[in-house]
Amino acid sequence: MITGILIILPLLFSLVVFSLKDEKWIRRMAVTGSVLEFLVSLYGLFLYSTQCHCQLLLNIGWIESLHISFRFGLDGISLLLVLLTTFLTPLIILSSLDHPYRKPSAFYGLILLMEMAFIGVFSASDGLLFYIFWEMALIPAYFICAVWGGNDRIRITFKFFIYTFTGSLFMLVALIYLYLHTPAPHSFEITYLYAAHLTAPEQIWIFAAFFLAFAIKIPIFPFHSWQPDTYTEAPAGGTMLLAGIMLKMGTYGLIRFVLPICPVALKEWGWIALTLSVIGIIYASVIAIRQSDLKRFIAYVSIAHVGLISAGIFALTPKALEGAVIQMVSHGINITGILIIISLIEKRMKTREIPQIEGMANRAPWLAALFMILLLGSIGLPLTNGFIGEFLLLLGIFERNVWMAAIAGMTIILSAVYMLRMYQRTMLGKLREESPEISDISLAEAVPLIPLVIMVIWIGIFPNFFLQLAEPAIREIMNLIHG
Amino acid sequence: MLTIIALTVLGVVILAEGMLGKKSWHLPTILVGLLVALVLALYGWNRNLHYYNSMLVVDNTSIAFSSVLIFTTFIIFMFAGHYYKDVVRPLDDIYAILIFALAGSVMMTNFGNLIILFLGIETLSIALYVLAGSHKEAITSNEATLKYFLMGSFLSGFLLFGIALLYGASGSLNMDEISRYTLREAGHLSPIFRTGLFLVIIGLAFKIAIVPFHFWAPDVYEGTPTLLTAFMATVVKVASIVALFRLFSNCFSSIREIWEPTLWILAVLTILVGNFTGIYQPNLKRMLAYSSISHSGYMMLAVLAFSARSSGSLLLYAAAYSVATVTAFGILILIRGAKGNDLYTSFEGIAKKNPLEAVCLTIALLSLTGIPPLAGFMAKYYLFTTALEQGYLWLVILAVSGSAISVAYYFKPIVAMYLKEGDGIKLEAGFAFKTHLIFLTILTLVLGLLPVFLINLL
Amino acid sequence: MNYELRMINLIINLIPLFPLLGFLILGLGFNRIPAKVASVVGPGTVLLSFAGSLIVFFHLLSGHGTGGSGRIVTTLFNWISFSGFTISFSFLMDPLSLLMLLVITGVGFLIHLYSVGYMKGDQGYNRFFAYMNLFVFFMLLLVMGAGYVMMFIGWEGVGLCSYLLIGFWFKNQEFNNAAKKAFIMNRIGDLGFLLGIFLLFTTFGSLNYLDIFGQVKELNPGTGVLTVITLLLFAGAVGKSAQIPLFTWLPDAMAGPTPVSALIHAATMVTAGVYMVARSNILFVLAPATMTVVAVTGLATVLFAASIAIFQNDIKKILAYSTISQLGYMFVALGMGAFTGAMFHLATHAFFKALLFLAAGSVIHALGGEQDIRKMGGLGPSINKTRWVFLIGTIAISGIPPFSGFFSKDEILSHLFNRSSILYIFALAGAIMTSFYMFRLYYLTFHGKFRGTAEQKHHLHESPSVMLLPLFILAGLSIAGGVINLPAFMNGSAWLQSFLAPVFSDALPFLKPPEFEPGPGLEWLLVAISVVCVVCVIPVAYLWYVLSQEEERKEPLWQSFLRKIPANKYYIDELYDTLFVRPVMSLSKGFHEIGEKKIIDRFVDGIGVLVVRTGNTIRYLQTGHVGFYVFMMVAGIIAVLIFNLVI
Amino acid sequence: MNSINASLQFVPISYYLFFCTVLFCIGVTGVLIKRNALLILMSVELMINSINLLLAAFSTYLNDPAGQIFVFFIMVVAAAEVAIGLAIIVVIYRTTHSIDIDILNKLKW
C-alpha cells in the first residue's frame, strides 16, 4: 500500500505542476510534493521491520494471462535507495529554486516524474516493471538535460539517450529470455527469475546483456564516454539527478538481478567486470586530476567512486556488498552536495573553469567549510560517510583478491590528490582583483546543503542503522549466489 | 459478410449523396456507417460463420483484425474534414473509393478461398491506384500513382501465377483443401506447389512492403496526399500482413521448414533496411514510410513465430502501430497546412506555441520507438516474447538493434520541436481536431497500460 | 559494575570529548564569538582533558577496578556491526596510552597557552583554536582507541588537522602546497596501514588489540603473514613519522604557525608512528625481518636528516630535520626491541623539541617573522629569557647530563651497544651531529653580531609572559624529565620501565637476548664516551660560527661542493617530482587526450557514424526509376526462387 | 463436356505449364525492358492472360470448375485494371506530355 502511494504521489504532483501556470505556485507544489513524498517514505521506514526480507508489498493483477502484475516490495536495499531518492529530490528541487529556468512547470514536473520512475525501479519486484520504470526514468532525464542544458546539449544528450537506450534494450531481451526459462507458469516475479534454470553458457549471455545495460548506466569503464559530456552539459539539477540517483539504478540492478541470477557466469567471468571496475577507478581518478571544468571534474570523480562500488559488488563478499549499499547512499549524498556547491560557485564566479576561480574562502568561509566537509566525505575520511563505504568495500575486495584491493586502494591516495588540488585552486589562495564581488552562502542556499552535510557526518558516526537495514537483504542475495 | 456488404452500401450511399450534391453529409454518414459496420463485424463474435461454402470464413481473428481496420479508417476520417476543408471540388468519389478500399481490406482478412484473397487485394489496390493519383494537378501525385500502378499490377501478376500454381498442385482454391493437401504431402511437396507458395508470398510481400519488394513504398507514400498515405501506411499494410498471417496459419503451418528461412531473411532485411534508410530522410512523411517498412518487418516476426499467442500480439502490434502512425500523420497534416512542406525544419520550435500537438507527436513517436509504458513497447514486448518462445533469438536481437537505430530518426522531429528555435507559428487546429489528437494519445497510453484487452481477445 | 569504575569510564569518555566540544563551539561560531572566549575555550578544553588523564593515570597507578590487568576498556557504542563483523567504538586505557595521553594533553595545553599570545591579532584566531582542538581530539582517539580501526580514525584525523593547520594561512599558495603534500604523503603511508588492517582482519578475524595480541602468541616467530602485516603497518608509521622515504613533507610542513610545528610536527602527531609500533610490539617482535627493517630505516633517517640539518639556514627547518632524526632514534630503539627506551625518548623529545620550537617561535616573533638564521645573531642580550630556555633545549637534545635528553638517548645507545656495535657507532655519530647542528643553530642565533636590518633591531622585544610561561614549564620538564626513568646503574628506579612493563611483557620473551649483559662499569664507560663526544663538538661549533664567521664563507671548492648536496636535501624533492608527480600528470593528460578522446569516444561515436553512413548509402538504392525498381524486384524474386528451389 | 475435357487432356499438362510459363516470362521481360508505360501495361496483360490460360488448363485437368470461374473474375479485374491504367497514363500525359516512365523521378532517396 505505502509503496503504491510512494509511486503515485510524485506522479500526481507532477501532473499538477505541469498544469500550473503561476511560477510561485509551481515551485511551492514541487517542493510540497517532494517533501510529502519524503515524509511518506519515512513512514514506510517506520513500518518496516528489519526482520523479514521483503515487505510493504503491493500486488495488483495486470496481465494475469502472462502472470505479469504490478508487484512492488521493499527489502533493505531498495528501502535505502528509495529513502535516498525521496531525500535527495526535495533538496535538488530546493537547490534549483532560485535558478531562473524557463518553463518551470515542465522542469519541476519532469523532475517529479523522474522521482516516480526512480522509486518504481527501486521498489519493483517484477522484472518487466523494473524495465518499464527503468526506461521511464530515461525520458524525463533526456528532456531535462536536452531542454535546459548547455550549448552542445542536443548532440550530447542524444548520444546519452541512444547509448543508454541501446544498452537497456539488450537487458530487455535478456529479461524476456529469462522469463521464458522461469518455471511454468512463466512469470516475471523476481523470485521466479531467480529460480530460472539456465545452463552455464546461457547464464553467461544473460550476464553479458545485463552487464552491458548496467555498465552503461553506472557507468563502468570503458562504457562511460557519454557521462562526462552529459554531466557537463546538463543543468545543475539534471546533473544532480543523474549522478545522485540515476546511476544507482545501475548498481542496484547489478545487486538485484545479476548477482542472484547468474552466479555461475559471475564465478567464471566476474573477474573481468571486477578488473574493468578497478581499472575505471584508477583511470578516472588520474584523468580527474587535470580537469579544469568543475562539472567535468566531478563527472570523472563519480566514475572513479562508482567504479569502486561496482568492484565491490563483483567481489561477491557480504562485506563488500554492505559497503556497496552504504556507499551508494553516501555517494548520492556527497556528489549531490558537491554539485550544489558547484552551482553556487558558478552563480558567484559566472564560470566553472577552475583556473579562473581562486580564493573564494576569503569571502565565503561558510561555503568553503561546507565544501570541505562534503569533500572529506567523498575522499573517505574516517567519521564521514565515505569512509564506512570505502573501508567495507576495500575490505571485501581484499577478501576476494588482495591485488585488486591494493590497486583499488590507490583511490584513497588519488582522491586526496585531485580533491585537494581542486579545493586549493578554487577556495584557497588570494581572491583575484578582477573576480566579481562575491558573498558568502545565504541561508536559502544553505537550506539544501545542511541536511546533506549532517548526513555526511551522521552516516559516518552511526552507520549501523543503515548497515543493519540492508543486512537481511544482502544475506538473502549471498545465499542465492552461493546456495 | 455483413460488414462487407455494409461497407459497399455505404460507399454507394456516399456516391448518391454526391450526386445530390450534399457534400456536407459525407463525413457524418461515413462515420456513422463505419460504426455500423464495426458493430456488424463484432456481431459475428464467437459465431465462426462460413459463407458460400466457406469462401468467406468469419472467425474471431478475422473479426478482431477487420475491426482494427475499420477503426483505423474511422480515426483517419476524423482528420478528413480538416484535411479537405478548403477543397472546392466534390469529394464523394474519394470518400467512396476509400470505403471500397476498406471493403477490399476487410475481404482480405476474412478470405477462406484464394479467389476472395485475390479479389480483396485487387479491390484494395485498384482503389488505391486511384486514390494515390487523386491529387491530379500535382506531378508528385501522378508519379506516385504511376509507380504504384505499374509495380502493383506487375506484382499481382506474380501473385496470380502463384495462386494458379497452388491450384494446379493442390487441386483446389479453398484454404481447407490446400491445408489438407499440405498435411498429406508435407514430406514431398511438388516443386510446382513450392514455386506457387513463394510467388504468393512475394505477391503479398509487395503489398506489405517487405524488402526487397518495398521500393514503391517511400515514393508512393511521399507522392500520395497525406490523408491517403495514412490509410496506405496503416490499413493497407495491416490488411496485407493479416492476409499473409491468415494464409500461413491456416494453410502452410504444417510445412514451416519450407518457408521459414525465406521469411526469416526477409524479416531481417526489412527491419534493417527500413531502419537504416530512415535515418537520413529529410522529411517526416518519407521517414514514416521507412518506419512503416521497418514495422512491417517487426510484424513479420508474428507470422514467423506462429503460435497460440502470436495472433494476439500481432493484433496488439497492428493496433498500436496504426494509432501511433495515424497520430503522426495528423500532426503532419497540420504542419503541411501551415508550412506547405513536411521537412523536419518546419517542425522547429513548434513546441513553444503548440504544446499539445508537440506532446501528441512526441508520444506517438516514442510509442513507435517502443518506449514503455506506451502501446508500442507492449506490442514489441509481446512480439519479441512470442518470437523468443519459438527460439528466434538472433532474429530478436537484430530486431532490437533495429529499434535502437530507429531512435536516430524518431527523435529528429522531437529534437526539432523542442530544442530548435523556429518561427513561433500557431498551427490552426480546430477543437475537434485537438480532441481527436488527445483521444488518440490517450489510446496509445491505454493500450500500453492495459494491453490485456486485445491480447486476451484471441 | 561499581560506582568508582563507572566514574572512571565516564571520565575516560570525557577526555576526548572536551576538545571535540571546543572544536564545535569554536568551529560553528568561528566568525561570531569574540577572541577572548576562544582563548579561554581553546586551551581550557585541553586542560580539562589533561586533568581527566591525570585522574585516570592515578587511578590506574592505584590499580583499582582494573582487575589487576592494568588496563581499562570502555565501549561507547558499536560503530560498524553486521553479521559476523563488529567494530566497536571503544577505548583502551593502559600505561602506554596513558603516557601518550599525558604527553599530548600536557604539552598540548602548554602549546595552546603559548598560542594565545603567539596568534594574537591573527584574523583566523578562532579558526586556529578550533583546528587545534580538533587535532587534540583526533590525537586522543588515536592513542586511546582499543583497536586498529580506532587508531586509523585518529590517524587520518590528525592528518587532516595537520593539513588544515599547515595551510592555515591559506592566502599563500606555497603553504597550501605544503599542506597538500603533507596530506598526500601521509595517505600513501595510510594505504599501507589500511592494507595492514585488512590483512590483520583476514588473519585474526578481529581488529581489537587484545583479541589480536591474544591470538598472535600462538603463531610462531617469523611467520610470513606477520612479516607482511608488520611491514604494511610500518609503511603507515613511516608516512606519519616522516621516516625515509616519506620524510620530505615534514620540513615543508613548517609553513604552518610555529605552535602547530611544536605540537603536531614535533611533540605529538609525528610520534604516532612510534606509538603504533610500540602498541603492536608483539606483532613486530614476532617478525624479526621487519624489526631489522625498522631499525635500519630509523638509523638511516637519523644520519640522513642530521646531515641535512647541519646545512640548513631556516631556524624551523633545522628543528624539523632534527625532529626527523630524533624520530629515527626512536625507530632504531623500536627495531632493537627497546620499546621503553623509545617511549622514554618520545616523552623527553616532546618536552625539549616543543620547547625549542616555541622558543624559536618567540625568536621569530621578536624578529617580526624572520626565520633565516643568517639574518640573526647576537640576539642573546635583547631576548635573554628566550635565549636561556633555547639553550636548555639545545643541551637537552644534545644529550648532555643531567638534562632529560641525555637519559633517554643514552638508554637507546647502551641498548644498541648490547645488541650490535655497528649500529651503536652510527647512532653515536648521529648524536654528535645532533649536538653540532643544534649548537650551530644556537650560536648563529644568539651569539656573534646582529645581521638583520636596522628596524628589526629596533623592534627586538621579549615575548609576553603568556608565551614565556609555557617555555619555562617546558624548560623545567626538559631539565628534569629524565627522572621518570633513571637507569638502575645510577641507582634509579627505572620507573617508566616498570610502569610500561605490562604492555611489553608479552613481547620481551621473543626478543633475541643481548650479546652480553654489561656491568655498571661498562654502562658508565658508554655514558662517558657519548658525553665526551657530544661535548667536544660544541667548541668546534663555537669556533666556526661565532669566532670566525668570515672564514666560514670562503671555503675550498670541494668543500662547497660537499655542502651543496646535503644543503639541497640530496635533491630528494626533485627526485620524487620526476619519479612520481610528473609521470602522473602526463599520464592524466595522456588518458584524457588519447584514452578518452582518441580511443573510447572515437570508438563509440564511430559506431554511430557507421550506422548513419550505412543509412546514407543504402538510401541511394531508392533511385526513383520504376525500371530500376522493377528490375530489383525481379532480381529479388529470382533470388527467392533460386534460394528455395535450387539450393 | 467430358469429351471436350478428354480431348483437351490429350495434350500433357506439362506442355500447358511450360507454354504459360514462357508466356509469363515474355510478359515479365517486356515489363523489364520497355520504357513506355503503354507497352508495359500490355506486357502485364500478357502475363495475366498466360495465367488465365494456365488456370483454365488446370481446371480442365482437375475436372474442377473453380479454376475457370476464377478466370472470369481475373478477366473482370484485369479489365478494371486496364481502365484505371489507361486513365492514369492519360493523366500523366496531360502533365508531362510523355508516357516514358523515366521522366517521372521527382520522388527518390
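The letters A, B, C and D name the chains in turn, as written, and every chain counts its residues from 1.
Here is the rule we use: a residue touches a chain if its C-beta (ideal position, glycine included) is under 8 Å from a C-beta of that chain, and two chains touch if they have at least 3 such contacts.
The shown structure was predicted, so the numbers you read here are calculated from the model rather than taken from an experiment.
If you take subunit C and subunit D together, the chains in touch with both are B.
Closest to the middle of the protein, by Cα centroid, lies chain A.
Averaged C-alpha coordinates give centres for subunit B and subunit D that are 27 Å from one another. A separation of 38 Å divides the Cα centre of subunit A from that of subunit C. Spacing of subunit B relative to subunit C, judged by their CA centroids, is 79 angstrom. Averaged Cα coordinates give subunit A a centre that lies 67 Å from the centre of subunit D.
Across the assembly, subunit C contributes 619, 622, 624, 626, 630 as residues in contact with two or more other chains.
Residue positions of subunit A with contacts to 2 or more other chains are 162. Residue positions 146-147, 150, 154, 218-219, 408 of subunit B are each in touch with at least two other chains. Inter-chain contacts occur between A-B, A-C, B-C, B-D, C-D. The part of subunit B that touches subunit C in the complex is made up of residues 146-147, 150-151, 154-155, 158, 191, 194-195, 198-199, 201-202, 206, 212-213, 215-216, 218-219, 258, 261-262, 265, 273, 276-281, 405, 408. Put simply, subunit C touches subunit A in their complex at residues 27, 30-31, 77-85, 149, 152-153, 156-157, 160, 163, 167, 170-173, 176-177, 180, 183-184, 187-188, 190-191, 194-195, 198-199, 201-202, 584-585, 587-589, 591-592, 595-596, 600-601, 604-605, 608. Across the complex, subunit D is touched by residues 619-620, 622-627, 630-631, 634 of subunit C. On subunit D, the positions that touch subunit C within their shared complex are 28, 31-32, 35, 101-102, 104-109.
Within the complex, the subunit B residues that touch subunit A are 366, 371-373, 377, 381, 384-385, 388-389, 393, 396-397, 400-401, 403-404, 407-408, 411, 415, 418-419, 451-452, 455-456.
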